[in-house]
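Please go over the structures that come below.
Next come two complexes, and both contain chain A; in the first it sits with chain B, in the second with chain C.
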Partner chain A sequence: MVERLTWSRKAFIAFNYTFLTIVSLMCIIPLVHVLAISFSSSEAAAAGYVKLWPVDWTLSSYEYVAGQAAFLKSMLVTVQRVALGVTINMLITVLIAYPLSKETSVFRPRTFYAWIFVITILFNGGLIPTYMIVKYTGIMDTIWALVLPTAVPVFNVILMLNFFRNLPKELEEAAFIDGAGQWTTLWRVYIPLSMPSLATVTLFAIVGHWNAWFDGLIFMNTPDHYPLQSYLQTIIIRQDFSAMASADLDSLTQISDRTAKAAQIFLGALPILIVYPFLQRFFVSGIVLGSVKE
Partner chain B sequence: MSHQAAPAEADARMASLSSGKNQRRSRIPQIPLHLMILPGLLLVLIYNYGPMLGLVIAFQKFVPARGIWDSAWVGLENFRYVMALPDTMQILRNTIVIAFMKMIAQLVVPIIVALLLNEVRKQWFKRSMQTMIYLPHFLSWIILGGILVDILSPSEGILNAGLSWLGIEPIYFLGDNHWFRFVLVASDTWKEFGFNTIVYLAALTGINPTLYEAAIVDGAGRWKQTLHVTLPGMASIIILLSVLSLGNVLNAGFDQVFNLYSPQVYETGDIIDTFVYRIGLEDAQYGVATAVGLFKSIVSLTFISVSYYLAYRLANYRIF
Partner chain C sequence: MLKPKKNVAAASLLCLSLVVSACSNNGDGNQANPSNDKAANSQTTGDEANTSAGNATSEADPQFGKYEPGIELTTVRVIDELKFASGETIDSNQWTRTLEERLGIKVKNNWVVKKDQGQEKMNVTLASGDLPDIFGVNATQLKQLAEAGEIYDLTELYEKYASPLVKEFAEATTNGLAASTFDGKLMAFPAGNATIDNAPILWIRKDWLTKLSLPEPKTMDDVIRIADAFTNQDPDGNGKKDSYGLALNKTLFWTNGGGSFGILEGFMNGYHAYPQSWIKDPGGNLVYGSIQPEMKTALAKLQEMYKNGLIDKEFGVKDEVKEAELASAGRLGMGYGQMWNTLFPLTDSRKNDPAADWQAYPIVSVDSTSASPQTPASSISNYYVVRKDAEHPEALFKMLNLFGELQFDPKTPKEVWQQHSKVDGIEVWQYFPFAVGRPDKNLTIHHNVVAALENKDASALNPEELDAYNNSLAMQEGTGDATNWSYDKVFGKAGSFSVIDKYVTEKLIKSSEYYAAPTATMTDKNATLLKMELETFTKIIMGASVDEFDKFVSDWKKLGGDQITDEVNSWNATK
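The block that comes next holds the complex of A and B.
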């Protein structure tokens, strides 16, 4: 397609590139700013010298965070919940998605089961009853409280089952003819063919568990059992507001707090930043593949 | 496969598979399918359906020590109590206003950015833009809340530093009722617009290139092409996403509001979910909090059902 570039077209292109550059920079500059603060000395941060590059480069805020037992402990809780939670999420997702991907003529109760799961999207018991059930099932203040109530990720199940449905039926029939049962067909035919979708869903589950904070806040009685995001909520968000209510009282302790908070914010986001390139690679293709229906 | 079926046996299986639906159903084992669903089913019954039954405490004066069975029934008393509270209408209004403003912003901004990105011919530029704009989507409101509190701080935040450089008095964005809703909508848009932009862009790649060629032959310029080819090509996904967002009419964003608000801005920023949290888990008025939650669940159910029905009728959208 050959285009002749008129003057107005050129002006539009220049505007477009500039505008999009500004928009996209606005998305990451706040993060860069906080990163710069975390590597700056507390004096420079307090005086407002830090913009996008550290001033008086130092690692002292990271040393401070590394010396905090509570921070490390909460990090460990998060690692545990991610490992356990994602494993359970993925097993459940695949195990539900496979039967539900069958035609109703093959697996008659499919519609019934599908509705049971879909209703949980449409309606929920809300905060207090959920809290009660967690309490009654005796998992309060244990790692299971962070894992079991969200064990069935219905949206991921739907994504997965739509992907399964688009696999050629002949593969499944060939597997049955060769004497494979349902389990073998799932593990040896469906799973190996669904790697891009599985990768997407796994990354979603990892991000979900890493970022979850509210369940930790309400289901854990002892702060020792808080996952990282819940811990950060109490340290950064709640304390900051009491500090901000008296904005003029910028005492020395609060000043040095700023770089320490910045370091913790950045560390809390770091694993997401690490998996982000992979997320990005799979996510569009995974979503698009899963959403196309016959 | 571990064992190779003999040709004759395979033929027999093939015959039975292809001969009629009834026989086909009986041929394919069903028990394993039920077994596969069982663990997920049990968990959903306990942790999703259990709480639905637990909603009965909305009609009780619930005392934890007595439990559901022995707490006193009070009929609609909890609902009456909430309706009589002076803040209730304000909270409902805040919730709807904030949710609605977010819906509009999440519809308009991503469409504009997707259209502009679609005009970009340099692939590396397009790709790096995409990489940057949907990064915030994957960060939690704890992280983003921490960042916002820092950059919006009236004393040391970089935004107010810039404003004072321009000669403007520092603004307490998170503590000022004039600004709080605006901060909520703007920061929510900042977090989520990139994600929706990607969805729209994916829809744009599905537009048949010959439509553009035909438009050019007909003498359409860039603007006319956008108007008559690109936008209609996006129409169905625009309708779908906006219809589905209807279900969020009472979801003003608990994670965000909870991490940004403070008592100074309850007037404009307190929403149903934060209200339920405070009366339920902080004041331990379980019955009252559940009543409010039940109200929200029922309204949401209505809107989500309508939205899914509309999505089905208008965009032929099925969830499964």
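The block that comes next holds the complex of A and C.
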């Protein structure tokens, strides 16, 4: 094999590896930098001495975070949100994708429903109408405001739908002949066959819920109810001094707490970092399988 | 095959009709509003007499009388990171109890959000029309609310219900009352500061001055000489040329949300240029400071300094925190900034190097005319407004009065003061939703602390002043740590407030003349114009031809600047 490589092929491979290495480094270096800061002393971090390796190794910022009730509380909210939100997402995704994967001759209003879902990708209500709907539904300031508005992930539905369509029809027919109804066919035939695709979609749902911060900000009425990313946003964004009351002088002394922020950022990203490799093996096959129609 | 296509067409038509009908509904709603507003407005004026009469006990003493039976109010809260003693919450604490006990007022928080998201949350609330009874807004929101007729005219209530102390506070905020007045009606109560707190300060490492035996700066030439020496004469003594003479961050200016350290207002003022400020020209018209010819001179000087390596080569991508890393690493000796810079970000410099001694100096001038430090037109942290159909609009003033009494009246017993202000390091006063303060409080602290240090007598100080006094005392006795140092450098004898005191006594301060909310064209164009300004100035400092400035001036005028100037001047003529 090796001797058959032409010059241009070699050049292509070399370029590929260099390019991809650079891209991966660009992703990894900021993370390592944040990690290094979180293990450094705050003075060293403030002076910019910390690059990719901790200076004056210390765990004090992690001790600080462990005593930070707000961080732990918001972590709990996020865990709740992910558990609840992903369950709802997955249930709805499957329940919508299955009927929509049927032929129009079997499920007559299929096209109509499909368009309704597609429309929501193309247009959305905008911030204020969404806010008002949430408000008048009465779910403001509850966990439901975080999971219900995003309950139907249309993109995931389309992925699942295409995957279902790809499964051999003969399986379905066999199931029907053996006396299974639609429900049994879905749970006993389709779901077990769709694991790779389901894993991918689950991953999307988890990451989506884990990273969402803006809805927490808008729909939650007290910082106690913030999910983790909304909380992180509040500590990381720089305060605007232009409207600062003179009495806030004391709070100024606490701003440059960079190591603690770094520790919280890293802890916030950790669970996803851990989950990712386990689901990633389904990832490529899941998307590709779902994207090809027969 | 035909059938599905028809279906698609039908479905999309249906969806389209939904969209269209939703839009038209919206339109109707908007049009219907003004007439509703008027009706509601006239109704409330009628109601006011009723409610006032209904609560006789509260009316007997308009300023401090208690509501019997008690009333409930709604508000929304934008807060700092608050700490609570166990059992206390934002909804139940010392202040909520005092409010109920003294005034019979129960305040319900519709939502509570931290400062950074306050504006976003507030904008959603305003847009959805879900206003609480009494709440705090910024200048732009105030203007919207006033023009939409959503808020209560406070003119008469202010006269009748506000206590003399609270009135004094409002009057002492720079331009605060004027900015709250629309068509001669007072639509909000301004709570904020005197703008003197925002006058530019020149921070220099005094230990480096001493080491290189340089004099304190008296003129702009001195400043540049010092910057040169800090760069080239190795002030940190490590044998390497790795230090910079003048701090500069990428926002260039502090106004419009820029950083507070490494800014240029003070430098420009030395050349009698007033960036991003509205100043009077000799003819009495208001003009925009950034486009005046003095700016060009100052920018040319900066360009020269940059070329000679006195300014960090990478300033264009560094915010104040990044730029301050140089200071913390002992590689920076001077910078223009705000009075609080030793608290943030220079405190890290002291922590890393206990010899680092940042000292505040007054800004200096290029010629014999003394430099006028520029300040914003106003510094209002909150405009308190009342919803137009609120049941007890006067309650705002009763609450403000109570806060003023408990926090600022010298007759208030010290333990009561303490209980409502700061307990065990917890800032209890921040629990109160409608805080006001003496706008020149910080300068007063400085005066009192200096007097107490001279007489060695701290008995007349209030607890807040006592904190500042103890910090300075620790420094005097040589036991101070970095925290004591950073407070001493603000409030102490030679602190930044001694500089501000000099500005005030010599009447040097030059406030921006335009204090109203942004004009129509400002709202539309100012962001673009500011961006263009920042880009041009940054380019010039980094070496582009100084004549780019002339092009910027003509572009600025063409792209909306002239229109803004007209609007500002017609406002000036009618104010």
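Simple rule for what comes next: the second predicted complex is superposed on the first by the 252 of 294 C-alpha atoms of A that agree within 3 Å, B and C clash if a C-alpha of one lies under 4 Å from a C-alpha of the other, contacts with A are read in each partner's own complex, and residues count from 1 in each chain.
Criterion: contacts are C-beta pairs under 8 Å (C-beta built on N, C-alpha and C of every residue); 3 or more make two chains touch, one makes a residue touch a chain.
These figures come from a predicted structure and were not determined experimentally.
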Chain A residues touched - chain C or chain B, whichever exceeds: B
Partner chain(s) touched by A:104 [first = chain B, second = chain C, both, neither]: second
Which superposed partner A:46 touches (first chain B, second chain C, both, neither): both
First, second, both or neither for A:133, with chain B first and chain C second: first
Partner chain(s) touched by A:92 [first = chain B, second = chain C, both, neither]: first
Contacts of A:23 with chain B and chain C, given as first, second, both or neither: first
Partner chain in contact with A:233 - chain B first, chain C second, else both or neither: both
Partner chain in contact with A:149 - chain B first, chain C second, else both or neither: first
Touched partner set for A:178, first chain B, second chain C, both or neither: first
First, second, both or neither for A:123, with chain B first and chain C second: both
Shared chain A contacts, counted only where both chain B and chain C touch the same residue: 46, 48, 109, 116, 123, 127-128, 131-132, 218, 233, 237, 240-241, 244-245, 247-248, 250
Touching residues on chain A, where the partner in the complex is chain C: 42-43, 46-49, 104, 109, 111-112, 115-116, 119, 123, 127-128, 131-132, 135, 141, 217-218, 221-223, 233-234, 237-256
Residues of chain A touching chain B in the complex: 1, 9, 12-13, 16-17, 19-21, 23-28, 30-31, 33-34, 37, 45-46, 48, 51, 91-92, 95-96, 98-100, 102, 105-109, 113-114, 116-118, 120-134, 136-137, 148-149, 151-152, 157-158, 161-162, 173, 175-184, 186, 188, 207, 210-214, 218, 229, 232-233, 236-237, 240-241, 244-245, 247-248, 250, 258, 261-262, 264-265, 268-269, 272-273, 276, 279-280, 283-284, 287-288, 293
Of all residues in chain C, those that touch chain A in their complex: 3-4, 7-8, 10-12, 15, 19, 80-81, 90, 109-117, 120-121, 124, 127-128, 130, 138, 192-193, 197, 254-257, 260, 319, 321-322, 324-326, 328-330, 338, 340, 343-345, 347-348, 351-352, 376, 379-381, 427, 429, 435, 437, 439, 441-442, 483, 486, 490
Interfacial residue positions of chain B with respect to chain A in the complex: 1, 3-5, 10, 13-14, 17, 21, 24-25, 27-30, 32-34, 36-37, 39-41, 43-44, 46-55, 57, 68, 113, 116-117, 119-120, 125, 128-136, 138-143, 145-151, 153-156, 158, 161, 172, 174-175, 190, 194, 198-199, 202, 212-213, 216, 222, 254-255, 258-259, 262, 264, 273, 276-277, 280-281, 286, 289-290, 293-294, 296-297, 300-301, 304-305, 308, 318-320
